[in-house]
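What follows is chain A paired twice: with chain B in the first complex and chain C in the second.
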Partner chain A sequence: MKLICVVKFVPDVDNFRYDFENNKLIREDMRLILNPDDACAVAFALKVKEKLAGTVVEVVTMAPKKIVPHMEDLLRLGVDKGVILSDKAFAGSDTYVTSKVLSRYLLGQHYDCIITGTHAVDGDTAHVPAQLGEWLGLNQMSGITKVDMEKFNKAFAYVDVDNDQTSATYEVSLPAVLSLTREIGYKLPYVRKGEINRDVKSSIYILGGEDLGLHEDQTGLKGSLTQVVETYAKQYEKRERTLVKADNDGVETVFHYLHEKGFI
Partner chain B sequence: MLNTDMILKTLADMLLPDQININEDELYDAAADRYKKYAKAKKVLDVPSPIAIVYPKNTEQVSKLLMFCNEHGINVIPRGGKTATEGGLENWKENTIVIDALNLNEIIKIDTYNAQATVQAGVALQNLEDELRKVGFTTGHSPQSKPVAKYGGLVSTRSIGQFSTLYGGIEDMVVGLECVFPDGHIARIKNVSRRAGGPDIRHIAIGNEGSLCFITEVTIKIFRYYPENNKFYGYLVKDVDTGIKILREVIVNGFKPSVSRIYSEEDAAQHFYHFYENKCVLVFMAEGPKGIVQATGEAIEEAVAKFGDGVVKQVDGQLIADWFNHLNWSQKDIDDEIEGMIENDSHAGFTTEISADWETIPKIYHNVIERVRNEFSRAHDITMLGGHSSHSYINGTNMYFVYNYDIHCAPEDEMIIYHHPIQKIIVEETLKAGGSMCHHHGIGKYRSEWTLMEHGTAYYMLEKLKQAFDPKGIMNYGTIFPQEEGINKYIK
Partner chain C sequence: MKKCLIFLDSEQIQNSIELLEVARRMYPDEHWEAYGVVINYSPPEAQGFFDFIIQVNARNIKQYNLKEITNAISDIHKQYNFDVILIPGTWCGRILAPRLAVRLQTGLTADVTEIRHKEDSIEMVRPVFSSRMMAGIINKSNGPIMMSVRQNVFKYAGNKDRQTRLVEFDYQSNAQPGIRQVSVYEKSQSYDIRESNVLVSGGGGVGKDFHRLEALAEVLKGHVAASRRIVDKGIAPRSIQVGQSGKTVSPKLYIALGIYGAIQHVEGLKNVACIISVNTNANAPICSLSDIVVEGDALLFVDLLTERIRIYNEATKCPPLL
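Entry: the complex of A and B
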């Protein structure tokens, strides 16, 4: 069985710096991390590999080359192959182009199932998995909170999808694009000390636009259907902090604050 | 060699049942200190648990326990408030007894006329501080661990507090002490204001980290407390170098603010996120009699003005006061931290503190930051790397490197994969530049591989002390004095 996980590396939104004078994010030292839903997708694939002998797991991403160390970590966890689609011309791609680039690679591959996350913590459009399904002519299911591991095989997957009111179980014919949420609970395993520096470079493949037969005009800002009219930075207000003691005055202050804000 | 049952039977003959603890969970907890807090919380410690934790009620019982252990080659770990961070309380031996100062908890005397107080080793710093405040005095000692740290541990690790620039480190406060050596000898160093009676033998016990003796009683200086005079100063500055220059200017000109700190912008983001504006933060606090506070404040303002080109702006001193009032961590904070580590694959960052002269500290700081960013194989997992200088002296200051990282390995491997390689870079750069690799956390076990390099030819003196006072090597195996077997097993 071959599983391809399509993942995204996103800015570490818990650790960013903001330039208050110029109202912009400081991007120079911005770290990238594996998107949490996508980490669940890879963790699920590795769990399948653990249960079903002969399973091969590949991870594909469109990302700058600086994510190589992160991809190496995934390979050390048991991923068999890492593919990074990276080209300066890809910069500024919208979800349409991103899914086009990814599907251009995937069209040439053999697989039994494509696993992705549902949401990304940076943009959160959740378009790409559905668009991949469209490009590849596959069924796609988002918001998966459970996959029946016992029944998971090359032909079918049984998945639970929760929404506000209901929880439904679907039988999905494979190959398909299954998009998991982090509620599914799979966690990437740990790397042990002996493995942490294992050389896995030979299992990483970096492909550019030319390798995929894509012209510069078809990718990046030029190829994107979504044209940005204007961007502006969200104003991060510097909030005043009030410290109170655990006494009557403090309780009174907190009570008035909560009352004023409508919480009580 | 005695087996576990025989050791426990002998302990039962020496002590009451409630003085011997063989609870499995508490023995597991006693197997390591805060160095391996994450692995401990995840229940994957790779070191043996001690056989028992014992709680002597007086110095004589400590003496008998040590004699027993010395006779039978049983490793002893002396323990106070359990806040060690460098493996000083970690156990590397199968046959180990932890001697805990829990029952040595009496404040023996508060003597305001002679400005000194005598306490047993198990007295919590906060308890003494609370008693002193009632009579208008303070210990002047305020490490972040103040609510839980105990005097035996503070003295044996050469602790330092947040107000050290004025009051000094614990070594400047200890007047006299009582300690017990492995052969059972009880030594009392008398309390005098000063003497020239040969080498200052207090320093054999101060900072021994339980590797030479067990400290049972301490007499420390106490200071008149003037909280109504406290003044706080805060500034945003362009870089660490400017901050260090200002610190130096104040100190070298002869002033002693109780707090004098410069935070790198990365570290400032953790503490002063609500006003730091991506700048370094310079902090001062002046305390003491009104006239001294006023003079110190003026000196701070003059120093800031002298290096005005590197100063962005002054911030409201109340922001600094508020921050200081919430800096210490209590037992509840520690318990919450453990819960957080169990739930998440992460923990609050680690630190390595070093010291050097004024000229050298900025060089070490920049060399370390550059090397960690460029050489550390897990640099892509680092979420924060910075530091602050927080304790200054006439000839130099310290640097407290602080780092956070995402953990992508098994909990039991975390320290070796993440913390230790970063600490190695810091230690290498510091020793290369002539600084000290351990400003106030002690050597513990995890810096023992560099003890020889730290002391150079003077290691001879340390080694002789160990040979003289602990010839059988029963005191806290692996702490301060490098033990190749333990280092190979647990560090390399």
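Entry: the complex of A and C
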């Protein structure tokens, strides 16, 4: 069985620093990490490989070349092939272009299932997985919280999706794009000590726009159909606040406030 | 005249109808026609809100067969040539919108929370970088302006006396849809935080003692809610998460316990009358939005306040009649 995981490397947003004086993000030395939902996708694929002999796992990403060390670590964990679609001309691509670039590569590949995350913590549009489905003519499902490992085969996947009010199980014919969420709970292990320095370079492929038959004008800002024209820090209405301590006096103040407002 | 199409998610009809407000804000001084598209039935709630309800009749298609629904809506678009296509940010909507945008080769903006006008262009505003910032986005393509819209943000305030006409659209699929629902069950969540008047909400500062908030929520006749930190740690269910990646809530009273108040969280608070925050750091962002800031340990405060209200309730209880 051949599984292709399509992943994104994102700025470590939880450890962002923000310049409140000037209302901007401090971008210097911002670390890139594997997007959490996507890490679950790779971990799931490796779990399948463990259970089903003959499974081959490939990881594909559109990213700057500086993520090579991250990709090397994924190979040391058992991924068989890493593909990095990288080109200066890709910079500034919106989700339409990103999915076009990724699908341009995927259209020439053989696979039984494409696994992705649902949300990326930086853009959080959740567009690319669905758009890949459209470009490739496949069904795609987001928000998957469980895949039935016992029943997972080349023909079908049984997946659970948690909605607002409902929880449902679907039978999805493969090939399809399955997009997992963190709640699925698969975690990537650490690279084992003996593996840390294993040379995996020969399994990493870096392809640019030309290799994919894409002209400069078709990618990056030029090829994008949306454009960010301004960014600004959100302004919130500040309130006249009363400051108290978490002691009996403070509780008394809060109690009287709640009483006065009719909550008690 | 502008033509605006809204996808009506059959599981979230009311929320989908509210998207009319987006069109109203896009074209404040222009006449626009409201179209709603819905799969296999016609919702009575839509009467008066739309000029046309387009009912897609496709017997073997369910609402979750979104590849097929993309085909159907794309066919409909060819016929009407809409200026705007609005899709609610529901589970179905967030799968449908990107597919349809690729099909129509048009730009798509996700999770829009505001519409702005800048010179001649319509700017769609959405939070970015985990809601730390807002971005204004325009559509550069020649296709319709497309967006998915954040739920519970827009409330329709326009006219509700349109003559709604039903248009039936037969869609024939020639392929197996490839996705079949095997089972479904309603979740047992007994309340919806979007409907609560009082929310007692916990964040990272509360940690695994989150359950202790229940007692305070109970004496205040409210419910508990949580921030993303607590939900990501698996301490509270996703269904009670407040914020950009959770739900937008509008309680009368919001008590934020050990919540830092990243924009991602604050984005989830709309028109909250009273906010009380308890935090070891009185300069946490949530504190500047609060009416009362309690500096100190959130759990200690919870226990003290719960007890104080209990004593009051006991004292004011009517004595039993003899």
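Observations on the structure shown:
In this section, the second predicted complex is superposed on the first by the 228 of 264 C-alpha atoms of A that agree within 3 Å, B and C clash if a C-alpha of one lies under 4 Å from a C-alpha of the other, contacts with A are read in each partner's own complex, and residues count from 1 in each chain.
In the analysis below, a contact is a pair of C-beta atoms (placed from the backbone, for glycine too) under 8 Å apart; a residue touches a chain by one contact, two chains touch by 3 or more.
Since this is a predicted model, take the numbers as computed values, not measurements.
Contacts of A:Asn197 after superposition on the shared chain: chain B is touched, whereas chain C is not. By the document's definition of touching, of the two partners only chain B reaches A:Asp12; chain C does not.
Comparing chain B with chain C, the partner in contact with more residues of chain A is C. Using the contact criterion defined above for the overlaid structures, shared-chain residue A:Pro69 touches chain B, although it does not reach chain C.
When the shared chain is aligned, chain C comes close enough to touch A:Arg182, but chain B does not.
Residues common to the contacts of chain A with chain B and with chain C across the two structures: 14, 18, 238-239, 241, 243.
Taken in their complex, chain C has these residues touching chain A: 11-12, 64, 66-67, 70, 90-91, 94-99, 101-103, 105-111, 118, 121, 123, 127-141, 143, 176-187, 189, 198, 220, 232, 238-239, 244-245, 252-253, 263, 266-267, 273-276, 278, 282, 287-298, 300-301, 304-305, 308-309, 312-313. Against chain C, in their complex, chain A makes its touches with residues 11, 13-14, 16, 18, 25, 94-96, 99, 119, 121-131, 133-135, 138-143, 158, 161-173, 176, 182-183, 224-234, 236-248, 250-255, 257-259, 261, 263-264. In the complex of the two chains, the chain B residues touching chain A come out as 269, 274-275, 277-278, 322, 325-326, 345, 377-378, 380, 382-384, 406, 408-411, 413, 416-417. Across the interface of their complex, chain B is touched by residues 12, 14-15, 17-21, 26, 31, 33, 66, 69-70, 73, 187-188, 190-193, 196-197, 238-239, 241, 243 of chain A.
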